[in-house]
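Paired with chain B in one complex and with chain C in the other, chain A is shared by the two complexes that follow.
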Partner chain A sequence: MADAITVNHISKRYGTVEALCDVSFNVQKGEIFGLIGPDGAGKTTLFRILTTLLLPDNGSASVDSLDVVGDYRLLRTRIGYMPGRFSLYPDLSVEENINFFANIFGVTLEQNFDLVAPIYRQIEPFRKRRAGALSGGMKQKLALCCALIHKPHVLFLDEPTTGVDVVSRAELWEMLADLKEQEISILASTAYMDEGLRCNRVALMSEGRVLEVCPPPDKLEEYFIEKLGNG
Partner chain B sequence: MSSFIRKEMLHILRDRRTLLVVLVIPLMLIMLFGFTVSTDVNNIKVMVCAPHRSYAVAQAVNRMTASRYFEFKGFVDAGDIDQSLRTGKAAAVVVFADDYDVSGKYQLLLDGADVNTARTSQAYLQSVLSTGNVAVKQSGIQTHMLFNPQMKSSFNFVPGIMGMIFLLICAMMTSISIVKEKETGTMEVLLVSPVKPIYIIVSKMIPYLLLSFIDLVIILVLAYFVLDVPLAGGVGNVVLVSVLYLVLALALGMMVSNVVESQVAALLISAMVMIMPVIFFSGLLFPTENIPWALRWISYVVPPRWYIDAMRKLMIEGVDLKGVLLEVGVLLAETVVLMTAAVKKFNDRLE
Partner chain C sequence: MSALGFLIKKEFIQFRRNRFVSRLVFLLPIIVMLIVPLVANMDVKGVNVAVVDMDRSGLSGRMVSHLEASKQLRVRLVVTDYRQAYDLLEAGKVDVIVTIPEGCEQTQMLGRMPDIKIDANAVNATKSGLGSQYVIASLTPLLTDGSAVLSPSVRYFYNETLDYRFYMIPAFIIIIIMLICCFIPALNLVLEKEKGTIEQINVTPVSRMEFTLSKLIPYWIIGMVALTEAILTAGLVYGLWPEGSLASIYLAALVFALAMSGFAITVANISDTMQQCIFVMFFFVMLFMLMSGLLTPLDSMPQWAQWLTVAFPPRWFVGIMRAVYLKGTTLAELAPDFLALAVVATFFCIVAIVTYRKQK
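What follows is the complex of A and B.
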């Protein structure tokens, strides 16, 4: 069985800053894979390359067996992407946002309702409210809902829990665990070590490099700091 | 695509302030230019210097008094003419020759400090003095101001204002729309979807086209009913050419939007690239024929120049579409070029 994501020696620089340096790893189908690292480790750049938004300087990557450069048009129909920054339309209501994203992917909310139902039920009471007026946790749930609406094969979540309260964070991760059951592969980044424990495997990133790929060890934080010290 | 258009409509409708501005500004500008910024001259203070007060002179003075354009301020001696003009007692002085009855000769002295008024006064006075006097008729040149016999400035301004307003509204509004999505990050999500660039561009243009069409209707109604602009070439033709121009302006805005990175930059570029050329190169204020040749070439490229020309012909001269083929052709070609450029320039990725 082919991997959900394959990353081969990807490098990317902005001017003199090396954002990514020879990054390689792979994510198996139906796996929750975590990218763990401090701000500026290159997580967002990696997400943008894998979601076809940026071109890598070197190396190659494929998602769902499609090349991120050559097959980007087709690939864009098969992935779900939730950027780190809230990226929905604040002047549209919850309902209008969902319908819009469903429509541009050529689906309806009803078609994939099973998939988004657990998330949608939580935001349903606010469906007439403008997205800009939602709380941080609700915004993220809405964004997740919009990213899932077309039943993507692979889901990319860039720091989905940043700026979200503890309870909502836990809820979001439970939702991701449910999605895994639906055979959606997930790549999520986080700066919170405790969230790394909820992944099947994690990649520890620092300054554009992947230090190690492993199942999350029990004492992830200490392990990571130790790794950073050695690196 | 329909959902995309609906979404854009919602954006526009929910931004009440901008919506209000877009609908009220054309109204204001047309009214302002139509009434206040007017080169029409009424109640010109006229004094007459006539050494020999003959019957013909009396008739001429009567004609001036009867006209609402003039206010007869009395007779003046030759030596006091200068003083009267200086103190503002008169804006124009007509000096009749001694043998006016026979030769029809007269002299006009005008306060040239205000060139526009002077020029208009001159034309009015000449036309009043040339009617009725047999001698003048025989000797002088007959001048007829075709299409706009009363020299109403609104006839000149309305097409100009239309050229400016549509460019401003369409181009500025659309120039913000794509950049806004880049700035707020929604473009990132939008790109990771099957939506094609051309659909994004067209869906963003359609609501603005509708909005500016409302503006077009408002302007035409005001121009026709309030400012008495004739729309002589037929409303259908005026609307047709205007819609072409609207599309052109929208495409220009899209083009700007695709190139710049921030909303502020978009606004600045729209203002620099659009307002300045419109004012100087479109013939709105100054005739394009007077521009030095190097700059005149720029004016050949500036779309409003062609649109304003076409509108003047259609609205005032009353030609039909055949009479504005060149203008329409240029506008059409520019629209195609801008549209293609806008689609080509649309960045499919983030870099």
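What follows is the complex of A and C.
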């Protein structure tokens, strides 16, 4: 079975800053894979390359067996991306946002309702409210709902829990665990070590490099700090 | 409905939801048409005149009363000393000095034209120019009375009363379309960048072309509504209805809107922030307004500047609008201008689509 995501020796620099340096790893199908690292580790750059928004300088990557550069058009129908910054239309209501994103992917809410139902039910009471007026946690749930509406094969979540309260964070990770059951592969980044424990495997990133790829060890934080010290 | 349809629908929802802008867009044409033609007016009224009467004769007395009778002139004082009048001119109290020389009546009785001197304060060139014309106009019948000298009779075509308003109304319509089809789509697009919403669109299968079009089509429609409002206001309030066919006005406006929005999208594509976008837009819109024959004639610009304006969409539209509005020129006669406008529009649209980069 082919991997959900394959990253081969990807490098990217912005002027003199090396954002990514020879990054390689694989994400298996139906896996929750975590990218763990401090701010500035290159997590967002990696996301933007894998979601076809940015071209790598060197190396190649494929998602769902499609090349991120050559097959970008087809790939965009197979992936869901939730950027770190809330990127839905704040002046559209919850319902209008969901319908809009469903429509431009050529689907309807009803078609994929099973997939988004657990998330949608939580935001349904606010469906007439403008997205800009939602709380942080609700915004993330709506964003997840919109990212899932076209039933993507691979889901990319860039720091989905930043700025979200503890309860909503836990809820969000439970939702991801449910999605995993539906055989959606997930790549999520986080700066919180405790969230790393909820992943099947994690990649420890620092200064544009992957230090190690492993199942999360019990004492992830200590392990990571020790790794950083060695590197 | 295709993805484009849904994108356009989204634009309209957002437009409606932004109460302030949507109301402003619909009120703008009416407000502009109601107020601006009344205030932006080149008519000169109340030119202040000082008469230096060195002749003190029956003729000079009649001349003063002729000047006083003129609607545009206001005779402030009649003196015999030029110095006194000059001081008033310097102080800005009078705009024009009419000097009637000594022996004026005698000269006229001998059948020659007396040498009347007119001095005008040309700080305000229009006022001094027109003011002297008014003086000449009011004195001519008196001085040429009975003599063989004929005053030339001038008839102004297309704008018989030489009403500056009629000349400017088509120009204001152009400015309105420029504001609606240029500023709003550009700011709208940059807003998507600033808010980050463009990221979310970029990971969808929506193509570059569809996204750009979805930003333009709504404003073409809104621009045409604004045009209709402006035409109706001009007609109902000032009685100025287009001489030519409405169809050619709408066709030209549509092509013009296409060109301006292509230009707007290009500016939006190269700007990352609202501030940048507004500044660049303003720069070009100012050039467009000053160099397209909107306010001053094209012919009075240096040759190189005239060549430059070939790429300015308003340059062609101004010509078409004035010709159709005031002269009733037909589409066939204006074919070269329409063609030029269409070429400029195509050019800007291609640039807009090329500069929209979905994948960097």
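Everything below uses one rule, namely that the second predicted complex is superposed on the first by the 231 of 231 C-alpha atoms of A that agree within 3 Å, B and C clash if a C-alpha of one lies under 4 Å from a C-alpha of the other, contacts with A are read in each partner's own complex, and residues count from 1 in each chain.
In this text, a residue touches a chain if its C-beta (ideal position, glycine included) is under 8 Å from a C-beta of that chain, and two chains touch if they have at least 3 such contacts.
Note that this is a predicted model, so its numbers are computed, not measured.
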Based on the superposed arrangement around chain A, label chain B with chain C as either clash or fit. clash
Regarding the shared-chain residue A:Y81, is it in contact with chain B (first), chain C (second), both, or neither? both
Just chain B (first), just chain C (second), both, or neither: which does A:G229 touch? neither
Looking at A:P215, would you say it contacts chain B, chain C, both, or neither? Reply first, second, both or neither. neither
Which partner chains sit in contact with A:G15 here, chain B, chain C, both or neither? Use first/second/both/neither. neither
Scan A:L92 for contacts with chain B and chain C and give back first, second, both or neither. both
Which parts of chain A are in contact with chain B and also with chain C? 51-55, 72-73, 76-77, 79, 81, 83, 85-92, 96, 100-101, 103-106, 146
Flag every residue of chain C that touches chain A in the complex, lowest number first. 1, 3, 6-7, 10, 13-14, 17-18, 195-197, 199-206, 359-360
Can you list the chain B residues touching chain A in their complex? 2-4, 6-7, 10-11, 14-15, 184-186, 188-195, 348-351
Note which residues of chain A are touching chain C in the complex, please. 51-55, 72-73, 76-77, 79, 81, 83, 85-92, 96, 100-101, 103-106, 146
The residues of chain A that touch chain B in their complex are 48, 51-55, 72-73, 76-77, 79, 81-83, 85-92, 96, 99-101, 103-106, 146-147
